[in-house]
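Below you'll find a set of structures to go through.
Note that subunit A is present in both complexes that follow, paired respectively with subunit B and with subunit C.
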Partner chain A sequence: MRDKILYALAAIAAVLLARNLYIIFFVLGEEKNQGAIWRIFEFHFPAGILGLSGFIVATIFSVVYLMSGNLKYDSIAAAINEVSLMFAAIVLVTGSIWARIIWGVWWAWEARLTSMLICWLIFAGYLMLRRAIEEPTQRARLSAVVCIFGGIDAVIVYKSIEWYRTLHPGPVLTIRGGGGMPPGWQETAYWNLLAMLCLATILVMVRMRQENVSREIDSLRRAAHAY
Partner chain B sequence: MSAQAVEPAASIPASTFGGSVAEYLRQIQTIAAKDLRSEMRTKEALNASISFSIVILVLFSFAFDPSSDQLQEFSGGLLWVVFSFAGALVLNRSFARETQNDCLDGLLASPTPASALFLGKSLANYALLLAVEAVSLPVFALFYNLHWTGLFWPLVMVMLLGTWALTMIGTVFSALTVNLRLRELMLPTLVYPLMIPALMSAMTLTTDFFSGTPLGPDNMIWVRLMVAFDVIFTAVAIAVIDTVLTG
Partner chain C sequence: MDNRNFLYMFYGFLAAWLIVVIYVVMLAMRERKLRRELDRVRQMVEKK
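And then the complex of A and B:
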């Protein structure tokens, strides 16, 4: 059953990505000032949404783990954090490429760039901590605590760094009061968000299964040693 | 060394456990006094931390022109880099010193609640960090010719608030990393990114005070941010410390 869901999601993601890529490269035109590079936004924006919301969802699962003590939730939190970290890296890389063309520099110490990088560092620390602890329940307990600290801190980081002057383009989506995009551009970004959400779900499910299996192997090894 | 020092807390009858506030405060005080006493006998963390901060201060003089006027513009940042680096040494030792002779297990087995143990250790760390800062601030001002006495009390307030943030996060993560293989590496890697909102505020305000800008509507937001940071993470730390220490 689970395999079927995975394959179905993979098929949806593949079809959607193919469709979106076609639209992005052949249907939508160039931007007046930016030229071809604006297209990177269609990947930058969905990756940013998925990365940040992933950190928040992982924090919620960490709280659930601490309340229930069920290691399943620890696997979910770890898998989501790992996948979110990848999406956060995509945001930083695509943003850098865009900035190199438009601003002329790879990096600017601007509010949103800085806070994304800090979030990336916090949750990279989370994954490093997981690797440093052998015992599964101790690892789950301590990494859940780190995730809660990280999730709360990410919100404070975002608010506080926003108070610094900002260089990042203002909101362009109508939902944020932007409305600066021609028809079709915005929809494609949302379609891409859906495609990447499917992809993220697949990755999380696969990572979760790996996490569960490795824990099972670990407990079997312990049981074997006990005899 | 520690087992003897917690004797008063261990002698509390079970009926008062978690009962009265006075008892709880006494437990916190006992732990803090024990930590400070054992630190004062060896002064290992304090000496290392103070000499380390002076070494960094000297190193800074090679990173830029120490006599330039621009120094005022980033002096606050430099100072807090020194404080947080030197602080990591003190914080690392906080729980690590209890691993010898299984002292931490003894402390946890005593009727002292984990939160009292945490707050006691935090207060001791707070005192030690402030002591390190009290030494390195005048040295910093002397080396780099800064006017730090002009806005003395606002500066003290920033140091108290910023150091409390460092103490809270640092003490929780000291407890969290105490049994890890890579303890000395994990603590700074985890603590510094989390500390950024508080450190950023402290740096901005300290630079303002060094350059003679008093507290006004413009920079009041950083004070509020630091107070909020302190309150939020003190609450979170106390909420999770039981999970961290005893599971």
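And then the complex of A and C:
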């Protein structure tokens, strides 16, 4: 059943991505000042939303783990964080390439970029911490605490373009009070968000299955040593 | 299509999909490693 869901999601993601790429390259109009580079936004934005919301959802699961002590929630948080870290890497890299053309530099130490980099580093540290601790309960407790710090930073990253007016563009989506996008761009970005959400769900489900296998290995090892 | 900055747009798309592909390959390798480890530990428990 789970495999069928994975295949169905993969099919939906593939169809949506093909449709979106066609629209991005052949249907949507041009941006007067930016040339072709604006098209990066259509992947930068969905990856950003998925990365940040993934970190925040994982933080909620980490809090639930700390309250309940059930390792299942820790596994879910770890799976979501790893996939979100991948999306956050896409945001940083695509943003940097866009900045090279529009700002003339690969990187600027301004509020949005710096807080995003800190967020990425916190969650990269979270994954390294998990690899470094053998004992499952201690690993889960410490990584949940790190995840909460990262989750707070994820909220700061999200709000940073409203709180600090620096180099990064302010909100452009109408849902956040912006309005600086030509017709069709926003809708395509949302369709791309849906496609990448399907992809993220597949990856999280696979990663959760791996976490379950890891837990099974841990318990079998303990059983083997108990004899 | 306006071809200004097309090369950098291409780099952006390439980088984004490269990150996804690298992660998927890593997941697949980890899956194989975990399956092997699970079989090994199961055999170890059965022998005991």
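By our rule, the second predicted complex is superposed on the first by the 214 of 227 C-alpha atoms of A that agree within 3 Å, B and C clash if a C-alpha of one lies under 4 Å from a C-alpha of the other, contacts with A are read in each partner's own complex, and residues count from 1 in each chain.
Keep in mind that, in the parts below, a contact is a pair of C-beta atoms (placed from the backbone, for glycine too) under 8 Å apart; a residue touches a chain by one contact, two chains touch by 3 or more.
Since the structure is predicted, the reported quantities are computational estimates derived from the model, not experimental observations.
Taking subunit B and subunit C in turn and counting the residues of subunit A each one touches, the greater count comes from C.
Once the two complexes are laid over each other on the shared chain, residue contacts for A:207 go to subunit C alone; subunit B is not touched. Of the two partner chains placed around the shared chain by superposition, subunit B is the only one that A:128 touches, whereas subunit C remains out of contact.
By the touch criterion defined above, A:34 reaches subunit C but does not reach subunit B. Applying the stated contact rule after C-alpha superposition, one finds that A:101 touches subunit C and leaves subunit B untouched. Of the two partner chains placed around the shared chain by superposition, subunit C is the only one that A:220 touches, whereas subunit B remains out of contact. When the two structures are aligned on the shared chain, A:52 is found in touch with neither subunit B nor subunit C. Note for the complex: subunit A touches subunit C at residues 25-26, 30-31, 34-37, 39-40, 43-44, 47, 83, 86, 89-90, 93-94, 97-98, 100-101, 199, 203, 206-207, 210, 213-214, 216-217, 220-221, 223-224, 227. Residue ranges of subunit C in contact with subunit A, taken from their complex: 1-6, 8-9, 11-13, 15-16, 19-20, 23-24, 27, 30-31, 34-35, 37-38, 41-42, 44-45, 48.
Of all the residues in subunit A, the ones that touch subunit B in their complex are 66, 118, 121-122, 125, 128-129, 132-133, 137-138, 141-142, 144-146, 148-150, 152-153, 156-157, 160-161, 163. For subunit B in complex with subunit A, the residues that touch the partner chain are 169, 172, 176-177, 179-182, 186, 189-190, 193-194, 196-197, 200-201, 221, 225, 228-229, 232-233, 236, 240, 243-244, 247.
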